[in-house]
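Look for subunit A in each of the two complexes below; its partner is subunit B in the first and subunit C in the second.
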Partner chain A sequence: MSVGTIAPRAEFAHSAETGHAWSQTMAMSKRSIIAIVRQPALIIPSLIFPLFFAALGSSSFSRATQLPGFPKVDSFLALTLAASVLQGVIFGSVTGGAALAVDIETGFFDRLLASPTSRVSILVGRLAGNALFGSVEALFFTLVMIPFGVNIRSGPAGVAVITVAGGLIGLGIGGFMAAMALRTGSAEAVQGIFPLLFVSMFFSSAFFPRETMKGVYRSIANYNPLSHLYEGMRDLVITGWSFDAVLKSLLIPIAIGCVSIPLALLALRRRLRAA
Partner chain B sequence: MTSTFANAPATRATTSRAASGLMMRGLRTITRLPSAFFPAMLMPIFQCVAFSGTFFAITHVPGFPTDRSINWFMPLGVLMGSAFAGVGLGFSLIRDLETGFFDRLRMSPAPRNSLVLGPMYAAWFRSLIVTAVVTAVGFALGARLTGGLLGLVMLFGGSLGIATVATGWGLGLAFLFQDMRGAAIMQLGLFISMFLSTAQAPLSVMTGWLHGVATLNPITNILRMSRQGFVNHTVNGHTVGAGVTWHDTWGGLLAIVALSAAAVLFARRGLNKLDA
Partner chain C sequence: MEAMSGTNSINDYPIYAEGLMRHFGDVKAVDGVDLQVNAGEVFGFLGPNGAGKSTTVRMLTTLLRPTAGVARVAGFDVVKDADQVRRRIGVALQDAAIDPLMTGHELLALQAVLYGIPKAKVRDRSRELLERVGLTGAADRRVGTYSGGMRRRLDLALSLIHQPTVLFLDEPTTGLDPMSRLALWEEVRRLNAEGTTVLLTTQYLEEADQLAHRIAIIDHGKIVRQGEPRELKAHVGAPTLVITVPTGQLDRAREVLRSFGDLRPTAEGSLGVGLSAGAEAVPAVVRSLDEAGMHVQHLELNEPSLDDVFAEATGYRLEGAASASGLPQAQGAEGGTGKRGRKRGANDSGGEPT
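This part shows the complex of A and B:
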């Protein structure tokens, strides 16, 4: 009897705990999204700068598309769509990481810890916000570029994959940013990692194809996972639907997330231990 | 009237002394607050390395005036570094305004012109450091002078010119906003105006809207003047020679003089408004 009574209670307690964790994660995600929406000054650069660079690149480098090594494209803008998504999501992830660091700096993080909140939901909520913003950015860049002559050869399904990939990139890069924020507790330190990410974009095929590079640059670009991620998304735009392109677009950010999210969890555990 | 004339050399001497003092203070922050100066040094180096490697293929486009991408992108890095060294003085001024140090300067008997000239001298010195380092890195990465030593003089001249413009712009915005909002506009304004020029590709290679904008943008003239020692002269896609020419110089000089005058006037008027 007693066993029969206790078992359902334990089960109930477990499911209630899971339910609480889920609702807390949702609340934290909602908070991080509202924080983004409420501070347009923080997100506008991540939307405007990639478009500015895309517009610049299409005017400066459009004649380069006739060179050997460039894939056949209608316009240079079609080549830059994937790069714009990458740039925008990286910008946005840095902003998300910096917001977490600001929570730590202002003491809000400590108040969360003092409340009966699931610890993991603090991190997962923030990353979910990043992922959603990444998807929105990817869709935004795609929709903005279509009227300017970018023809997505893989159709609406390709747009959907690019949108999901934007979210996954936000999750993966956001994991690194969250790890940095939790480890240092400094928004300045999180912002300081941005040049490193930006450099890694330049040492990839995000701006010019690998085939046009030579020497050390080409070797680095060959090993840089961002090159393969970019090429997957780029192929969905300029070539059409292919299993290989979809796999590259989705699996590489997942792989990045598999490294970054455990790092963020580790940083969270360290911070909790220190608190 | 007579006393004004009699006092003029003394005033000039005082202005010069006060400006030199402020310049030394501006230079001391390089060692005391390296995080405020070194990004301005590292960013152009990164730009040289990244742009010349990534956009290497652009040199194969017919009409591109050099076959070395570093020759094209190194002067851009130098000018960008000098510009950011200049706006760095704007950041310092914002800090001084926020901490109240600038109010103490205003209450001192230092001539008003020295409060603009001092940071300007510091910016020139910083610009020379940035130009020397980035040029050295550029040469190490394979940049070669095609226009002789005069080409190097043009690069240093362009660099000092853009530092003057950027400092005036930075000081003017700092006086206007008096907080860090001004810093964002300083950087953004410079960044955008520099990229809306021949920063990435020459006019002969550009297409579309940017061609028109870059043709009108005076920064294009400054870049042309600064780059001429590193690129060939081309007509209709054919190389017709190399070297420094008056044709590629006068536009840059005119742009530097006009933009510097406008920027310094903007800074001086900002200071006057602060005093009012």
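This part shows the complex of A and C:
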């Protein structure tokens, strides 16, 4: 047996004191982005499915644009761009949340917890990855739809706002998914949320303006924050630049994040306390 | 190790636990564990699945709060000073939880950031560790392509990135093939020789016997035996020396052996004696037989095994433990660089009666 010591004997023994939560968050973000890039089988559907849905809607409901109450649009695609962005971001967020749950299931989360890293950076890193992917998706859908007749009337500035909104939506929805992952520790449970989120889109103005709805359906859509988010982004596409549209596009996802991220932090605290 | 005993304060022990408990509802997973692991020691935590080994390790590594009791690691309380503990320990948990999408290099870089290692030093440290665990050539491959043994080695490298004072290895060789297991044993010995205190959980008797300076046997959440393997075996009973001499010399040989302990039943044509002075008496026995003109044809020393210790302590045997290690018994007996490489009988089988 060697003569050991309890005292720190290595040059790195105290180095964590000089570590920064910021660099830890960045490292965790990088990891979540690597996971996205290296799993095309998971990510491609989140890019293809919304486009397929938009194409289907466009071919089926193109004449609906003539209905009373329908805003004047170049094509049905212009109306559904915001919905495509949200669908893609929901897909991506569910994938991100499930990945966090898988970390818990496999024990990788424990590896992180056994290190002196900031607990919040584990969560924020994951959400930052979600946000970046959300922005990329928003830009992707916007750029893909332009050749198919979607004219972004707010110009490049509007595209930038939609891109940022995509990131903020990723953060907001990702917060809920992270909360679910931390609460349950089950990837299946996180994936089980997807239909619920998807249905919530149908109870909003994602595919048709609220003016064309009636009864309970319209009432729900009125209270559904997603309706207002869609309308903000939609106005940037079909009407042009307006302060109101920008505010709706950015503030509503921020508001969603203000609810979901504290929920995720609570779930994290609860998980750490339960241990 | 002896120098520390008797005068130690609890902060002198790299790992100290007193009355450590963890209950999950009515289940007492760990029920009053006391541990004092000395600096520079490899401490084996031996027990079957569900005995409380991993739960104890999770408490000692700050991953689980104790229901009651005190635990200090590297001089810090695992609850009150959890962050200080984390900076000083390396942890390789049971399932080698490694992200299969990342490469070995990337994971080491991530781990380095988590421990706040300066960027300038990460590259050298990673290279050094990859070389150490023999993964230099695979460093840029995704971990998903690694074999089980490679993952374990990478897991070990990750746990060493910050040069921890205390290393926790939770069943590090479970599921590994014999060669990978031996390689990991060697690495544990090397780390220990460099001064790292190691707490190793295992359900393999041979692993504990080969690596640990001291062991604790845990069963149903309680430590039922603790000490050096040799002491524990000695506590179970004296080793049996079995000799074979020509038939005509049996009576005289019996008389010689009687002075070293109680005669024990053996196969026909051989004689067995329980050496009351332990294995150290073997040279004296051989000398006495030689002086009496005996012609010893065969000699073997059968020590009580850890399985005997386990059985004595728990009332049951650690099922399949000897074979579960996957190593031939003879290989496990001396193990080349084994720490307790004392001279044994001519046909020593490593503790298992033959």
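Note that in this section the second predicted complex is superposed on the first by the 256 of 275 C-alpha atoms of A that agree within 3 Å, B and C clash if a C-alpha of one lies under 4 Å from a C-alpha of the other, contacts with A are read in each partner's own complex, and residues count from 1 in each chain.
In this section, a contact is a pair of C-beta atoms (placed from the backbone, for glycine too) under 8 Å apart; a residue touches a chain by one contact, two chains touch by 3 or more.
Only a predicted model underlies this, so the values are computations on that prediction, with no experimental measurement involved.
Peer 1: Output check: A:S115 vs subunit B and subunit C. Expected answer is one of first, second, both, neither. What do you get?
Peer 2: second
Peer 1: When the two structures are overlaid on chain A, which partner does A:V199 contact: first (subunit B), second (subunit C), both, or neither?
Peer 2: first
Peer 1: Output check: A:K214 vs subunit B and subunit C. Expected answer is one of first, second, both, neither. What do you get?
Peer 2: first
Peer 1: Just to be sure I read the superposition right, which of the two partners does A:Q24 touch: subunit B = first, subunit C = second, or both, or neither?
Peer 2: Once the two structures are laid over each other on A, A:Q24 reaches subunit C alone.
Peer 1: Using the superposition on chain A described above, determine whether A:I34 touches subunit B (first), subunit C (second), both, or neither.
Peer 2: second
Peer 1: Once the two complexes are aligned on chain A, which partner has more residues of subunit A within touching range, subunit B or subunit C?
Peer 2: C
Peer 1: Tell me the contact category for A:A64 with respect to subunit B and subunit C: first, second, both or neither.
Peer 2: In the superposition, A:A64 contacts subunit B only.
Peer 1: Which partner does A:L56 reach: the first (subunit B), the second (subunit C), both, or neither?
Peer 2: After superposition on chain A, A:L56 lies in contact with subunit B alone.
Peer 1: Residue numbers of subunit A touching subunit C in their complex, please.
Peer 2: Going through subunit A, the ones touching subunit C are 1-20, 23-24, 26-28, 30-31, 34-35, 38-39, 103, 106-108, 110-117, 273, 275.
Peer 1: Would you mind writing out the residues of subunit C in touch with subunit A in their complex?
Peer 2: Listed in rising order, the residues are 1, 11-14, 38-42, 58, 61-65, 74-75, 83, 86-89, 91, 93-95, 97-99, 101-102, 106, 109-111, 113-118, 121, 125, 142, 158, 161-165, 192-197, 213, 339.
Peer 1: For subunit B, which residues count as touching subunit A in their complex?
Peer 2: It is residues 43, 46, 50-51, 53-58, 60-61, 192, 195-196, 200-201, 205-211 of subunit B that touch subunit A.
Peer 1: Provide the residue numbers of subunit A that touch subunit B in the complex, in ascending order.
Peer 2: 52, 55-64, 66-67, 69-70, 195, 199, 202-203, 207-208, 212-217
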